[in-house]
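Across the two complexes that follow, subunit A remains constant while its partner is subunit B and subsequently subunit C.
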Partner chain A sequence: MNTHLKSGWKETGIKSVWLATALIAASVVVFILGYLVLTSIPIFFETGVSGFLFNSVWNPTGVVPSYGIAALLIDTLLVTFGAMIFAVPLGIICAVFLAYLAPQKVRDIVKPAIELLAGIPSVVYGFFGMVVLCSLLQNVLDIPSGFSWLAASILLGIMALPTIVSVSEDALYVVPKDYTEASLGLGATKWQTISRVLIPAAASGISAAVILGMGRAIGETMAVMMVAGNAAVIPSPIWDVLSPVRTLTATLGIELAEVASGSMHYYALFGVAAVLLLITLVINLISVRITKKIQSGGSVFSIPAQIKKILMLCGMIFAVCILMYALGIIPTLILTVIVFGLFFLRRIMSHKSIERTAFGIIYAGTFLVIGILFVILANIFINGIPAISWEFLTTAPRNMGLEGGIYPAIIGTLQLVGGAILLALPIGIGSAIYLHEYSRNNLLTRLLRTGNDLLAGTPSVVFGVFGFAFLVIFLGWGVCMLAGMICLALMVLPTIIKTTEEALRSVPNSLREASLGLGATKWQTLKKVVLPSAAPGILTGTILSIGRAAGETAPIMFTAVVFSKRFISMDLFDPVMALPFHLYVLSTSVPGSETQQYGTAVVLICLVMAIYLVAIVIRKRFQKRLL
Partner chain B sequence: MVMNRKTMSIVGVAAVIFAVFLVFASGCVSQGEDAETITLAGSTTVLPVAQTVAEIYMDQHATADIQISGGGSGVGATAAKEGTANIGMLSRELKDSEKEGSNLKEFVIAKDGIALIAYPTNTVSDLTLAQIKDIYQGKITNWKELGGADMKIVLIGRDSASGTRSFFTEYVLDKEDAASTMQEYSSNGAVQQAVAQTPGAIGYVSLEFVDDSVKAFTLSGIAPTVENVINNTYGLNRPLLMITNGEPTGLAKKFLDFILSDEGQNIIAENGFVPVNV
Partner chain C sequence: MTSILSTKNLNLSYGSKQVLYDIDLPFEEKSVTALIGPSGCGKSTLLRCMNRMNDLIPDCKITGDILYRGENITKSDPVLLRRKIGMVFQRPNPFPKSIYDNIAYGPRAHGTKDVKILDDIVENSLKGAVLWDEVKDRLHESALGLSGGQQQRLCIARTLAVNPDVILMDEPCSALDPIATTKIEQLILDLKKNYTVIIVTHNMQQAARISDITGFMYLGKLIETGKTELIFSNPQEELTERYITGRFG
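Up next is the complex of A and B:
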């Protein structure tokens, strides 16, 4: 009896710990939003809410200052929309290939490779976009400047790809084998099985992937800022993809650092941050609702089909507009007729030829994805390897980074990422355990879950803005390592929670019931049965998080980093150097430093990949044990 | 379970190695407790000047650690005022809102010229202030109107909070707004790179960002060179500031004294910047 009571207390205690972590994770987003809105109140008194949202002139330092964000809002949506049109179909195609068509050996190589690519930092993409993509667009399309909406959308699409591929592939892969066997047994072709059974079965995981990818695109600051041209205008006509645009995030990235604190412009920027956060919150809520509908069954097939139709229609209209702009009207008409012809041809084609066509498209898409990623890496490594030397890796920078090395930046990045993961991992895993293993479906749980979903879509620059205003200035910490760690930890927290929950969900209930039935307590079941089985999934989440944290610039550029520093410091209240910020400053402020830029990019990528490789090897061992 | 333990221990060992490495790495470079540290933050225009002088100062004083970060003029003012940096760097004068409620001391450490730049093969080579104003307000939209090739002009400028831009708006545009199609970049280097890649572009940058990758216009016949800025014949020039909250002390004072000394000013001149005490 006594031991029984004791274990009862212990169980309650453990449950409260999980609850506490879940509460921390969920309340953060409320606090951030509240803080941003409070700080931005003066601007709404100045312009009124509608004057702020619907005025399209953003000119805060003009003779008559104007603080309208309509153009910024529209540009943000256009850039994200363009990126998704590019990334979602390609990402899903690639995931289907990896999950169902690729031979095991190919999958074993390509899957980790794509996960490695998720770790290419946004500032590296921005750097690549600036140097290669924009010049390419400029020459190929013969336009005055390649810095444009198109460049930003392509770059964001590429950046979102690894996330979408990796997470949807996970979802597709865990669909029970029985489904495939049942479908094939009923006489369906392989393609029918994939398109009618397996993809719908994995729909919730795939939408999670798309949401994660979209979150990455809409919240992206550095890459967009480096290639979008940043003129605060609405493209005219609206489908003019070659127009320069400026997103909400870029506005923050560019202007927050320069603005006089306490001025109306400063408050306006907090207004921008609050609006940005609100948009991502709304998008998140909508997508969460969609996911839920899919999960609740019943309407499983009809709703995705409707959405698919709407999305396809939007995509087609968009594609036609681009083509008209780029090629002229007549070639576009011909192309459209061909496409529609193919569409109707499908009706009279045999199942076999449909399957062959579909697989052909899948192979081509996968090839394209891998090709793009290969080109980026090849460009960076070929130009970067010659810059690497012992001196480059082990000395501090001199002469604006043109001489010397990047040693303090390497250590600084490791410190920031290490601290961030140490902060985020316990809270993230605890929170996921509470949500999935302990909570019943009541109001509190729904609120916690919503909080996490909202945090997941919060753009990384918002953490930077918040950290700058609250930690650096309000708490008076100054620019320091700890502030950067906290910002990065907040940023990766939802990824860890989401993937951990997904991993816990994939552990069959029969295992839990068996363990409980044998007399194990809930905690024993968790510790010995559920967590070990879920470990590979949890590690995947951590891998993705480390990748993001190591490469992020926006959350740390206002809070933790300095451009140059000669000594390494272990004091949490000292600023540090960091590789992504170093690359950003080199590529935007130090002309003639191409060698060092490429060198820094190579080191940054290698560092991230080394961390990834360790984690992927560990996960592999877990998987072998399980299967 | 065996596999599990083994894996756990691998993770553990990796973590320990990582921690040991960090400690070892920091031990290698840090200079003990007597190192004195100051932080500079602010304008990306002043940053290279400060950086160059700081490196030579640190070479002479092994225990001095001078950390320099960019941000912008606004950050420079805020950071100095809030005490998050010892010295703020500005490429514009302090605004009244920034002077309020604090005792900021200003030091003019160097001067800067603003050069108008274009793609290297641009055939136009001289502009007047009035022409520049018309270009940036969208009244002149093609290089052929200025005697150059038939090519659309692509406007490139700085972001709306930049000190360089507010100077440009005040002295070139007579405080009027630039055309809204102007592309905006957040640093001198970014403007320079964008111009170097774009055949029809025009941009404005600090003098030290003029190199072979771009062509600098003469302004009514006068070239943007260090000499012409020093003797004030080149019209577009401005002071570069460092500010401290109250009288500077310790390393901050020593460093400011060094910059303003003959030796410091010589270093500035030798590295292609414009000294203020000649």
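Up next is the complex of A and C:
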């Protein structure tokens, strides 16, 4: 009886610990969202909602300040649209190759390699864009400046590619093999099988991949800021891809550090953050809808054939109009003739030659994707390795970073990431355990799940905005390590909760029932049966979060970092150096520091890649154990 | 009767594991041949040789000849071959498309675009699989909404739509309930009038009910083959007798 009582107290105690972590997580989520939205209210009183959204003049520091974000909004959409135009087809082509055409050995190497590329910090892509892409555009197109919509779209497209490839490939790979057999058994060619059965069957998963890639492009700050030219204008004419543009996120990245707290400009920036949250919300709602469709097995696009034809016709007319304006009538005519010629050719071509052409395009597309990613890495490593020396790794920077090394930045990054994980891990894992093991659907879990999903898709710069306004200014901490740790922790918390919950969900219920049926308590079951089975999944999620935190710039650049620091400090209220920020400042503000830039980029990539590699190895070993 | 399809000295191995040994088996036109035998005896593998579905499996090596109307199929184009030799699989596997699109899939893949012709093919195929009356009012609804038995008849209709010569069936009733099974068996007897059917089954009563010829396989070898009545009433081999009387392993 006595032992029974003891065990009861212990169980209650443990349950309250999980509840407490979940409450902390929920209140943090609610507080961030509330703080951002509430702080943005004054700007809406000043300009009105429509004045803020539809006025295209953004000039917050003018004599007569104007706070209209229409231009920023349109630029954000244009940049994202441009990125998707080439990332989506290329990504899907590459995914089809990996899922259906690549030999197993090639797939085993290329898939993780592409996933690894998703982990390259955005500041590194931005750096590559500045030194290689923009000057390339400038020389090839013979224009005064390569910093443009085109550059930003190309770069964002490249950044979104790994995500799109990886998630679409997953969707294609899990299409039941029965469909392939059925289709081939009916005498269809391999290409007919892929294009008419397998891709439509994976359409929901592929659209989820596209939405995810789009979310990544909209939320990106550093890379866009570094290559887009940052003029808050609507391109004129609207298809002038060489015009400089400025996105919502870049505006926050550029202006937040210089704004006077409490000014209308400050509130306007919070308005921008609120709009970004709203966009995230819309994207989330769409992807939730798609996921639901996937689970219920239906197709997302069940448009009747008649309407499909009309839509296609409208699209074609629209495209022709745009081309006519952009290129003139003669080139458009030639293009149209070519397109129709190809269409006609397809009809008279044999199935075999159609298949050969299609596979040729797929091989070429895949080659292009892998080539692009390879060129980026090769460029950075070839130029960066010579810059690395013992001195570079172990001394502090001198003379604006032109001499000396990056030792404090390496240590600072490790400190920030370590602190962030220490903060986020217990709360994240605890909340996930509460969500999945201890609660049914109640108000707290609904609140936490919804808020969490929203924060998971929120652009990282928004966490920087929150940290700057609340921790640095309102609490008066100033720019310091602790503020940076908290911002990074907030950023990775949703991912940790999500992946932990998924890992717990993947543990079959029969295991829990077996343990409980033998008279084990809930905590014993959790500790001895559930958590050990879920550990690899939890670990992978955590490691991926660490990698992401190590490469992020936007959340720490207003809250924790300084450009130069001679000494390592362990004081939480001192500012630190960090690798991503160091690379950002070197490449944007220190001319003549190419060697150091490349060196820093290599160190940063190696650090992040090493972290991701550990995650991939763990996952591989775990998958083998399951088989 | 003439044999439409026959194997000569057929050997097959997956990697280093040999699965079929020296199979010599003729199939007669417009008849039902059943292949029976315990699990793992190679009967499905043999069936999948007939329309080269084994091509999809890496490390699969085949020696010997398979003659279809006098032509060695190991050298022909598998895509063209499968239009002549269709297949129905163990589990119903309709595409996640409408009933209509499922049936029209094969003809479309072979280049039929005319909607009138397609409509006719869909109707005739569904009638051929005795499914028309059940689905004629919902041709454009998802095929996944049909019951298991209906889905399997849809898959048979889909095969008929390609207008094949031979229909291979790989345990087509193993995932179905008794009522649905009866309907499929009835259908197979109907199909015999126009098509050659080769069916793999591990249900001996089914083989006895629907087939004209039965082949018994064991451990990759064809032990005995002959008229179904004879195999079941007077088997020549002891292994066959032990299997059909249920005194096995």
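Details
We adopt the following convention: the second predicted complex is superposed on the first by the 416 of 627 C-alpha atoms of A that agree within 3 Å, B and C clash if a C-alpha of one lies under 4 Å from a C-alpha of the other, contacts with A are read in each partner's own complex, and residues count from 1 in each chain.
Following the convention adopted for this analysis, a residue touches a chain if its C-beta (ideal position, glycine included) is under 8 Å from a C-beta of that chain, and two chains touch if they have at least 3 such contacts.
Worth saying up front: this structure is predicted, and the values here are computed from it rather than measured.
Of the two partners subunit B and subunit C, more subunit A residues are in touch with B.
By the touch criterion defined above, A:Thr61 reaches subunit B but does not reach subunit C.
Residue contacts after overlaying the shared chain place A:Gly476 against subunit B, while subunit C stays out of touching range. Once the two complexes are overlaid on the shared chain, A:Gln415 sits against subunit B while remaining clear of subunit C. When both complexes are overlaid on chain A, the residue A:Phe563 reaches subunit B alone and has no touch with subunit C. With both structures placed on the common chain, the touch criterion links A:Ser263 to subunit B but leaves subunit C unconnected. By the touch criterion defined above, A:His351 lies against subunit C but remains apart from subunit B after alignment on the C-alpha atoms of chain A. With both structures placed on the common chain, the touch criterion links A:Tyr179 to subunit C but leaves subunit B unconnected. In the superposition on chain A, contact of A:Phe147 is made with subunit B only, not with subunit C.
Within subunit A, not a single residue is touched by subunit B in the first complex and by subunit C in the second.
Residue ranges on subunit C touching subunit A, taken from their complex, read 51, 53, 56, 58, 78-84, 86-87, 89, 91, 93-97, 105-106, 108-111, 142, 144, 155, 158-159, 162. Considering their complex, residues 57-63, 130, 134-135, 138, 144-147, 225-226, 229-233, 244, 246, 253-255, 257-263, 265, 396, 398-400, 407-408, 411, 414-415, 418, 472-473, 476-479, 532, 558, 561-570, 574-575, 585, 587-592, 614, 618, 621-622, 624-625 of subunit A touch subunit B. Residues of subunit B touching subunit A in their complex: 3-4, 7, 10-11, 14, 18, 22-23, 25-26, 28-31, 35, 37, 39, 41, 44, 47-48, 51-52, 54-55, 58, 65-75, 77-79, 81-85, 95, 97-98, 151-152, 154, 159-163, 165-166, 169, 175-177, 180-190, 192-194, 197-201, 209, 211, 213. Considering their complex, residues 104, 176, 178-189, 192, 196-197, 200-201, 297-299, 351 of subunit A touch subunit C.
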